[in-house]
Amino acid sequence: MILILTPNIEPESDTYKQLMAHLGRLHNIQLRIHREQGVEQSLTEIYLIGNTSAIPVEDMKTLPGVGRVVRVSEEYRVLGRHKGDNRAAHFDYQGLRFGQDTLHVFAGLCAVDTTEHVETMMRVLRDHGEVCTRMGAYKPRTSPYSFQGHGEKCLPYVFELAGKYGIKVVAMEITHESHIDEINEALLSAGQPTGVMLQIGTRNTQNFELLKIVGRQQDYPVLLKRGFGITLAESLHAAEYLASEGNRKVVFGLRGVKTNLADPHRNLVDFAHVSVVKRLTRMPVCVDPSHAVGSRGNGPEGIPDLMHVTAQGIIAGANMVLVDFHPAPERALVDGPQALRLDELRQFLEDVQIAREAYEKRSALAERYRVTDADVVRTV
Amino acid sequence: MILILTPNIEPESDTYKQLMAHLGRLHNIQLRIHREQGVEQSLTEIYLIGNTSAIPVEDMKTLPGVGRVVRVSEEYRVLGRHKGDNRAAHFDYQGLRFGQDTLHVFAGLCAVDTTEHVETMMRVLRDHGEVCTRMGAYKPRTSPYSFQGHGEKCLPYVFELAGKYGIKVVAMEITHESHIDEINEALLSAGQPTGVMLQIGTRNTQNFELLKIVGRQQDYPVLLKRGFGITLAESLHAAEYLASEGNRKVVFGLRGVKTNLADPHRNLVDFAHVSVVKRLTRMPVCVDPSHAVGSRGNGPEGIPDLMHVTAQGIIAGANMVLVDFHPAPERALVDGPQALRLDELRQFLEDVQIAREAYEKRSALAERYRVTDADVVRTV
Amino acid sequence: MILILTPNIEPESDTYKQLMAHLGRLHNIQLRIHREQGVEQSLTEIYLIGNTSAIPVEDMKTLPGVGRVVRVSEEYRVLGRHKGDNRAAHFDYQGLRFGQDTLHVFAGLCAVDTTEHVETMMRVLRDHGEVCTRMGAYKPRTSPYSFQGHGEKCLPYVFELAGKYGIKVVAMEITHESHIDEINEALLSAGQPTGVMLQIGTRNTQNFELLKIVGRQQDYPVLLKRGFGITLAESLHAAEYLASEGNRKVVFGLRGVKTNLADPHRNLVDFAHVSVVKRLTRMPVCVDPSHAVGSRGNGPEGIPDLMHVTAQGIIAGANMVLVDFHPAPERALVDGPQALRLDELRQFLEDVQIAREAYEKRSALAERYRVTDADVVRTV
Amino acid sequence: MILILTPNIEPESDTYKQLMAHLGRLHNIQLRIHREQGVEQSLTEIYLIGNTSAIPVEDMKTLPGVGRVVRVSEEYRVLGRHKGDNRAAHFDYQGLRFGQDTLHVFAGLCAVDTTEHVETMMRVLRDHGEVCTRMGAYKPRTSPYSFQGHGEKCLPYVFELAGKYGIKVVAMEITHESHIDEINEALLSAGQPTGVMLQIGTRNTQNFELLKIVGRQQDYPVLLKRGFGITLAESLHAAEYLASEGNRKVVFGLRGVKTNLADPHRNLVDFAHVSVVKRLTRMPVCVDPSHAVGSRGNGPEGIPDLMHVTAQGIIAGANMVLVDFHPAPERALVDGPQALRLDELRQFLEDVQIAREAYEKRSALAERYRVTDADVVRTV
């Protein structure tokens, strides 16, 4: 059960103290307090943990300082969308809003290889009005003998160039807690020219120790990818590891699932789960067409599968797209075959726009029918 | 290798006889002749079977009566989209055109239960301007002790009501060759009031004996569903069983794949394969959102997952939608939970329309960029 | 609910008539009668179908002629192993007993190619004391352009040679009902020199129409293979289609499941389900190492994977082994790479024997501990 | 390419220096040196890394100090079984030998709960002559709100009791590098009463950062479990992460794969891969029946599925069994339903023995046939 306090109740206030005194008398119930300090107001949520089934919502509502009470379902306590729970499902970072109602494209390099490629990529993004990118510094690879990414070494120029070209957020996979320190330091040295969204890849979805550590920091939002071979529910539970440690700025990423039924795609695209994740939780949902499809190939009308599946994600309401581009895919060190070329970026962005507009029309249509239905009910 | 003759060459003509005499002298090559009698013209294709790698395309082009020559790749000889092969990818049935560039919605009953439900369904379809439907008479069920469909008994009223309400094509699953005879007879008795698209379900995708028999008739087009647990390529090979026996009026149906990674959907939606099937073969592609999703559940904007995945199929170019509706889903004998209600049909059709328009815009965009690229090349 | 009558109650007897009169008065309960005529006695089972939950077992036991009463669980009515149900789980065919306590090896040709290979195979089997074999005449193949088996044409020599070398049962896949007629005729023409076990392959596990027709004949026992991509329960339900039509001589075949997690084997070996099928149903269980493994490859001790998985099936209690051998695997028309060579047959059979003895020791061990436990309980 | 030096060549020796001087002149080839100091002799292997395809094996054999030369296949450089590579495939720890020819049973608690249960378990193991156990202190759990193991707190009594009852090796899962330090410290404090085999679970199979850190220490051998949803090859590559950092004391663990085709088992048992892993690599192979099967259930002869699949692993040559036992399964905090009871330990161990003897007989049989075949060849 969650008690959402009326805004701006300070821990030192009498109201707060009375409330806590009361809650302290509840038998076998532990409290966990989460406080968000926004620009204009502070919000406090108190989680009642233990067997709360016997505690009436109505009683809690009457307590001093309590604004709303949400009875939490068993699963996804923090990130879940509970019955009657209309709390905002978004967060702000670097002046951008990430929510279940926004859309951001993160086009960029799967793996940073050369300074030139990074600069070319960023400049082209700037020229197309984009302010987000993906840049892989730490690359987990199946074999220990493959290229593992330039790591810490490339951070200085990646961040500097991001700043130079007005990129506000760089999505970057990390595979060890030490990478956060390295990113911290590089950003600090460069004068905080940009922001970072930490990415947890599919191989680490259930690396709970990493999740707990990433969850304890609140500097960076986190993009958690769905895990290989585990159910959607198990991946959503993994997101709770981040949130239960305090970081709720979590985007959930769909990237296809591994099965022989996906051929000729590398993975079976799972973007039908966009609306499922948005229904079960309050997380924005990202789709990764590049790792899902894993190859080039066009439909007979000349549209690449990569753009088809991107459009499929967006028309169902996806909030973020992570996509591989490369100035010279044939020379990319990792996953070149799945990267789009820079001269395809304009078509890609316009294609995204068409799909987004279709989603908005579909939402408006649904809204219209809902209103109509309500009218019908009212007049009966 | 396929020789496509110039139109209207008759088997009795000298040209034809000369051609055949020549082909008869090819060593170790068998011929298979396929003739399509259209309204305005007849088309003849001659398949050269055997080791044709040593036969030059150029030589064949000079033979009398030969219009074009297509070198066939190993796979999907008849239905495949071969290199440089721009033959039309569509067929006509009951005055409707089914191609890789058209879209038809087949909304209807998963399983026929009562005359009243059939009539209600058909009337509502007519009222919404629809001329196709799905009506399940023969239902393959996991357990022999479950309801198996009304079978032959319901055909008379299904077909009669279809005629009454202007339905031109009824998609209907069959599971045994005898069902074709039953359908023939019922249509004949009722005075051919409507047409039928024979549906082969996922349990029979590799029931090759049934496919061969269905392939030998050319009265009815066939909708072949992708098979459970087999690769996409294996299902496309199964379509070749139909075509190699003579029936090329084949629509390929995607209906999700069975895996525990699909939860909470019944199957993992595989509509990312729409463009793959259209690229590898010349078949129109159908999506079946009902069996793929298998349940109700809305995104937070109030749109059912069923409509989301339908839109995903269509924005990528799907040519047909097979979808379960029911006047009283809670009383349906089969798969009630996945059926949409009749009062949702209007929203569904408008939603489909939005997605289709988005697909058309995307295609035009791709065309525009292709032209631009060509210009660039030309001016270089 | 099943009423098992005391042996040798004839339908004309007074007891039987009284019983039926009584049962006829049960409200909303339908009867299905199954009669087995054995050499020494006849057995009658009466299935009460409908809502039998309100009918007390005790009442039924007191009815005239009723020996035992079994309350049937929902699933697998005929073939299932119900609570307290200790009916024999075996059948006899061609003088051989097939049960959950027996073991038979069916080594032979995956696909019949030449008379010489058939004769060589049979002679070698006879020389090793074997009386069963597998011989594929009808081969379902992924592509319509692949070799489909010699079909009907090879039946005369296959059956004649079987008779010549003392083979009592030939396992043979069929894919269409007409194949039964062809087998009937060929056996009749040849003077019934051998017997046939009809095999339903993995592509037809849910070809319910074929199952119903095969289930209606009782001349031949049936080996039903587990289906691709469906759950074990779904495949067991398919077996019920055979039994519910009257044929209970059903062996259930495990042959691996298709998944990318099987590599380098063709399928993921599923022989851990041997004991599951034997627990849930009364069917003998067959394992097919050849199609499961699909390739040659030895462990470091020199034992082929094919023999390892066979031993795994047997040590857990498998009752039948279907295995591909070929006189010249490199010239086999179908699945040559997975066939064992004739000079490996002796090792194979001895290897099987070692595993079977281990199973028997394990069973005796379990029996000993069960007795001990019972003693302990008794003395407490 | 690997150069295996003749034993006891010291880095200070002239031979060694001459060899290194020569190797230093190879173009674009890097060297990695691995040295094993055994009780009686030291062994040195030199890995040539880079494009070695142009370097003749024969040339390398003639270099000073070189005993043997193995051309390494691309994959699994360190742990792989290369062509003509007959180096020993075993290691020693705590006086026990772990190899592809040995068998050890690690029965114990999936998760440590109480001191009493730990002591009971250890005493019973001692009474049955066992010297290995499993004890879970750090438990990765799907939900952050589930019991996560007692962690560091339980180590002192676990190790002390292990020492008291003569347990030589405790298999223990770790999920973070800090756990190694905690184990080090606890063992040190307790006076090194026992040894530990570090276990990497299926959720961390591709947690490469953890693997690298675990690979850098050589105090403890490592049991690496196969990963969820990834191919066998990908899991074997993960083992190379351990070995490429220096630790070759690696046991590979099979524990079933997650798929809906496993029902009613929790995972689909994959022990058919025992011989595959032993063929592709030189690692001993462990089977984990408890997590594979995940439930209780007996075959009709009264043997639990858990024992059936254990026997299946062993008859194919498994070298280690990790199995859950619990003094009171119904009160276990984690995975109680899959634990065997202590009064079943004796039957379990005898059952294992029967299967092991069968494996040994099968190996002897294969050896006999190999010799016979060789004779045949010789006499031809």
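Letters A, B, C and D mark the chains as written, and numbering starts fresh at 1 in each.
We adopt the following convention: a contact is a pair of C-beta atoms (placed from the backbone, for glycine too) under 8 Å apart; a residue touches a chain by one contact, two chains touch by 3 or more.
Everything quoted here is computed from the prediction, not taken from an experiment.
S.K.: Which chains are shared contacts of chain A and chain D?
M.R.: Common neighbours, chain A/chain D: B, C.
S.K.: Applying the document's contact definition, name the chain pair with more C-beta pairs in contact, A-C or A-B.
M.R.: Contact tally favours A-B.
S.K.: I'd like to verify one number: the distance from the centre of chain A to the centre of chain C, where each centre is the average of its C-alpha atoms, in whole angstrom.
M.R.: 52
S.K.: Please compute the C-alpha centroid of chain A, do the same for chain B, then give the distance between them in whole Å.
M.R.: Roughly 38 Å, centre to centre.
S.K.: Residues of chain C touching 2+ other chains?
M.R.: 229-230, 257-260
S.K.: Which of the residues in chain B come into contact with chain A in the complex?
M.R.: Interface residues on chain B, with respect to chain A: 81, 89, 100, 229, 231-233, 257, 259-261, 263-265, 268-276, 278-279, 292-293, 297-303, 305, 307-309, 311-312, 315-317, 343, 346-347, 350-351, 354-355, 357-358, 361-363, 365-367, 369-370.
S.K.: Would you pull the chain C residues touching chain B in the complex into a rising list?
M.R.: Against chain B, the touching part of chain C is residues 75, 77, 140-145, 175-176, 203-204, 206-210, 212, 227-230, 234, 237-238, 240-241, 244-245, 257-258.
S.K.: Under the definition above, what is the set of chain B residues touching chain D in their complex?
M.R.: Per the touch definition, chain B meets chain D at residues 258-260.
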